[in-house]
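What follows are several structures.
In the two complexes below, subunit A is the common chain; its partner is subunit B in one and subunit C in the other.
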Partner chain A sequence: MTDLTSQPTPAPAGLPRRAFLRVAGASAASVGLVLAGCNSTDPLPVVPIDPNLLTLAAGETGLLNYLYLLEQLEAAFYQKVVDAPPADLLPADKAFFADLRDHEVVHRESIRFALAANAYDANRATPLAFNFSTLTLTTRAGVLAAAQQFEDLGVAAYTGAMRLVSTPSMLSFLAKIASVEARHAAFVRDLRTPGSFAGDDVVVNAAPLQSVSLTKTPAQVIEEAKAFFLPIVVSTSLLPTT
Partner chain B sequence: MDLLKIFSEIEKIDGEVYERFDTRRRVFRHMAGLGKTITAATMPVMLGAMFNKAYGQTTGLSADIKNTLNLALQLEYLEYYYYDAGLKTPGLIPTADVPAVTIMRDDELGHINALKGVLGADAFPDPTLAAFDYTAGGKLAPFAAAAGYYATAQSLEDTGVRAYKGGAPKLMANKDILTAALNIHSVEARHSSHIRMMRRTLAGSTNGGDIAGGTNNANPKSWVSLRENGGPLPAVTAPIYGPGTTTDFPGEDNVTQATVNVQNTTTYPTVPGVTFTDALKAAAVAEAFDEPLDDLAVKAIARNFRSAVGVGKGLFV
Partner chain C sequence: MKLLSLLDRLSTADAPAAAAPRRDLLHRLGQAGARAAVAALPLAAALPAQAAPTDTTLDAILLLLKLEDMLVALYTQALASPALAGAAQAAVRPDFERMLRHQQGHAQFYRTTLLTAGLTPPAAPRFDFSGRRNNAGNPELFPNVLNDYNAFLQLAQQLEDASASIYLNQVAAFATDRQLRDVVLRTQLVEARHASHVRTLRRTATASVAVKSWPSNADVVPSPAVVVPSPAGASTPPVSIYSFEANEVQLVSATTAVPFLAVLTGATAVQFVALSEAFDEPLPTAQANALLNIFG
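And then the complex of A and B:
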């Protein structure tokens, strides 16, 4: 959004937006009381932090955390399939899914390394648990449908995120992953519906661009994936948009 | 003409389309003011002007951007005429695969049109089929049988993926062009994935492919695995999976990302009954990343597929 006049004052970096608004609200409400004579030894008002709100940081750090979260999600999904494959999964499928799991684990760990102490979960005691209750993971069809959803979403997420990075090295790093996700997506789509590797729901035409990948902004991606994070709500409000 | 529908269609592939037109609100305020004077005849002109402002870059493109896009355009011609020639060769492509090859041919044409649209008058002119020699000087026989045809198709697509990736940092000054190129790039990766599956199907393979594509790269995975044993015909295809001309462009077997050897640090999950050896890890780590290739290396590969006519037209120089 370039129309800055309609924007609220940006929250300070690092402070979740909702928490910031709560602080702002509390200050406005309490300022009168403070002026009315509370003495200086009174404790500051305690602002409850929503434990279920995960607000990704600003800038490239936030963007990388966003992709880290998606890679964690994909890796967790494939790990679940590898650990407890549906009864009708073909023997060959198990090899495919082990490959897909390995790749996503490698992506996840590489991004975690790149983020180091800036990873959103660097100080978390336990990793975020993902919620797959909306998926049918007891049948081959259900697993393939879910895999397609994750992979197509991943491709759209990377293509949408790469325009938002500011350093060439980061762009190169993400591009190396992006095309592998596209290979995955085509593969899973072909397994599910032969010949759908570049279906017109993901490779789209809209003048002046033709036959290009569907792109989604971080906000669109998180909105689509929100069920997998519940009860955690992920906010992309601080991420770059241009 | 349903203007809102047009915007909605564009928004599907380009979430920021409204920002390109200043802001959503402003563009519609602008429209509203013009409402009475817009007619069926003037609308296309007005739309054209808006798109020119948003994407049209006929002037002001840097030499880096022009060169990068023109190399991509030449590669798209290489691919388009390859698929087109295959589809026009009777009995070459198995009937069941004709729809997929047609999709890929049409996608390449779409990419050509997109790149031409961005480059405008600076676009490399259509070199025509005569400019290409898909036998690579007699070393390949791509139009004799499907297996050989798909092997070369894989080589061309994988070259394209590495070329776009190598060029991407040079496009960063123009985010719209960067996005267009990267979105084409991921479609090429989808194509390569499908071609690899067609190669396995044709060979009767059901194991999903071998590490590095197995012997003679005859059983490729759907993703690039190590250096693919030099590809289908190493004399021509080895450089497609090898390193570029500087150390910034390692081969496809690279396991160092973000300055760390990922193979050694990745926390592999424990799976009952599976032991991850270093060799397995190296393959998985290398497969997880597609490596970029610099323009000099890409051109050297592409020159294999240039006929005398292509030389005359200055292809891949």
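And then the complex of A and C:
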């Protein structure tokens, strides 16, 4: 589960409270802090957790939340473009950006439904706001560059996540979405540079693999996308890696 | 070695009667050499020891190999034909050369995988994209594919879309082998990029055809269409591969469908056509085999 609130640091499992205080006291003393006032009625030491830290859950729930977050990001981006298109965006482009927005909304809402109460934001009053201040969304070129970044990253993220999914019905559901993301990526790349639909930067060879789609781990994807979440920092530390 | 007749039998892959000979073949071809081969060949470094194909994964690998061989043949033949020889096509020839390289790499991967398991990969069939099945006396189902750029693009779009869909359906056959499944998924995404590009080429061609870069109920329907047996049975007429793409029911578990009407309202409302556009759909094995048998 995700964690946007402060929580006391749990005592290490299996240690009685007194032993834990000794451990805590020893390390605190070593950095010059004073625990002299401790007695058996004091609360456990509390480490304030950054309210801006979003730690994705473990297991397939965490993986699905990770993809949900990326679909939210993509949908928010296309919504912004549709709401305020750059002056030089062509009429034909606008129709396709409306389609892209709709597809991402369908993906986002489908995954949200699958997560139900396990969605990281199920109890948030307002959805996470994304930060697009690093992008140039006032020109067609800037919008297309950003769209390519989101779509290529999305495809690499889906492969990296699907690799870790065991439930057959969930895998087939995600694969159907990923396939359309790959079509989006090729479409946007061709808009920017005709013929760049499957460039060597996204279709890779790594013997014995031949011409397969580039893949990225959740940690790599979040690192590349971190500017869009600020001030929120997303942690993938609990997500499965094998 | 009866691998070619094995391929023929794949069209009845779901019938229990056909399973026994395949198992027997695996027994004879596979068991003796499989362990030694897995240990000795380079692929062993990337694939676990249990990668020796099971009955189901063997079927899936042979199906995907034939699919890739078909796309290799399509682009090899088209690049050597008037369809892609004109001055107007000079700009797009590199695109098809690139797709050909990708398909050749995919086919090579499956051949290496079969060799690793101690099996002899089948040779590529002699593909005929006119639909005449290498017999001039048969009717021409797909005229001018190798002579006319637009006819070629129309068939290429259908075959690349079908490829992405065939892959989606075969993923389930690799459930027990996580690494092989990963390769299949990552290959599927390359096929989806190809399909998107061919659709973009059709839309932006001089003789523009109103298709989106993803299958849509709003697309101009191809004619002649590649048709496959109806899932409703042999007594109903064959259907277009795009009849599967029209699906608007998405399952997030074995039995639970996303209630789109309930969740896509108000601020989340979308154009109705987006419901089917947002997902690519699997093409079942029987339809996939039937499609491949049209051309080879």
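To be clear about the criterion, the second predicted complex is superposed on the first by the 195 of 242 C-alpha atoms of A that agree within 3 Å, B and C clash if a C-alpha of one lies under 4 Å from a C-alpha of the other, contacts with A are read in each partner's own complex, and residues count from 1 in each chain.
Throughout what follows, a contact is a pair of C-beta atoms (placed from the backbone, for glycine too) under 8 Å apart; a residue touches a chain by one contact, two chains touch by 3 or more.
Note that the structure is a prediction, hence the values are computed from the model and not measured.
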Put the two structures on top of each other at subunit A: do subunit B and subunit C fit, or clash? clash
Figure out whether A:Ala198 sits in contact with subunit B (first) or subunit C (second), or with both, or with neither. both
Have a look at where A:Asp99 lands relative to subunit B and subunit C in the superposition and call it first, second, both or neither. both
In the superposed arrangement, which partner chain does A:Val82 touch: subunit B (first), subunit C (second), both, or neither? first
In the superposed arrangement, does A:Leu137 touch subunit B (first), subunit C (second), both or neither? neither
Check the residue A:Gln220 against both partner chains and state whether it touches subunit B (first), subunit C (second), both, or neither. first
Looking at A:Leu53 after the superposition, I want to know if it touches subunit B, subunit C, both of them or none. Which is it: first, second, both, neither? neither
Tell me the contact category for A:Ile232 with respect to subunit B and subunit C: first, second, both or neither. neither
After superposition on the shared chain, which partner residues are touched by A:Leu128: those of subunit B (first), subunit C (second), both, or neither? neither
For A:Glu109, using the defined touch cut-off, is the partner it touches subunit B, subunit C, both, or neither? Pick first, second, both or neither. both
Set of subunit A residues, in rising order, touched by both subunit B and subunit C: 96, 98-99, 101-103, 105-107, 109-110, 113-114, 155, 158-159, 162-163, 168, 171-173, 175-180, 182-187, 190, 195, 197-198, 203, 205, 207-213, 215
Under the stated contact criterion, what part of subunit A meets subunit B in this complex? 1-3, 79, 82-83, 92, 95-96, 98-99, 101-107, 109-110, 113-114, 155, 158-160, 162-163, 168, 171-173, 175-187, 190, 195, 197-198, 203-217, 220, 241-242
What residues on subunit A touch subunit C, complex-wise? 96, 98-99, 101-103, 105-107, 109-110, 112-114, 155, 158-159, 162-163, 167-173, 175-180, 182-187, 190, 194-195, 197-198, 202-203, 205, 207-213, 215
Write out the stretch or stretches of subunit C touching subunit A in their complex. 42-43, 45-46, 91-92, 94-95, 98-99, 101-103, 105-106, 108-109, 112, 164, 168, 171-172, 175, 178, 182-183, 185-190, 192-197, 200, 204, 212-214, 250-254, 258-260, 263-264, 268, 270-271, 274-275, 277-282
Using the touch definition up top, name the residues of subunit B that touch subunit A in the complex. 9-10, 12-16, 19, 22-23, 25-26, 51, 55-56, 99-100, 103-104, 106-111, 113-114, 117-118, 161, 165, 168-169, 172, 175, 178-180, 182-194, 197, 206-208, 221-224, 257-258, 260, 262, 265-269, 271, 274, 284-285, 287-292
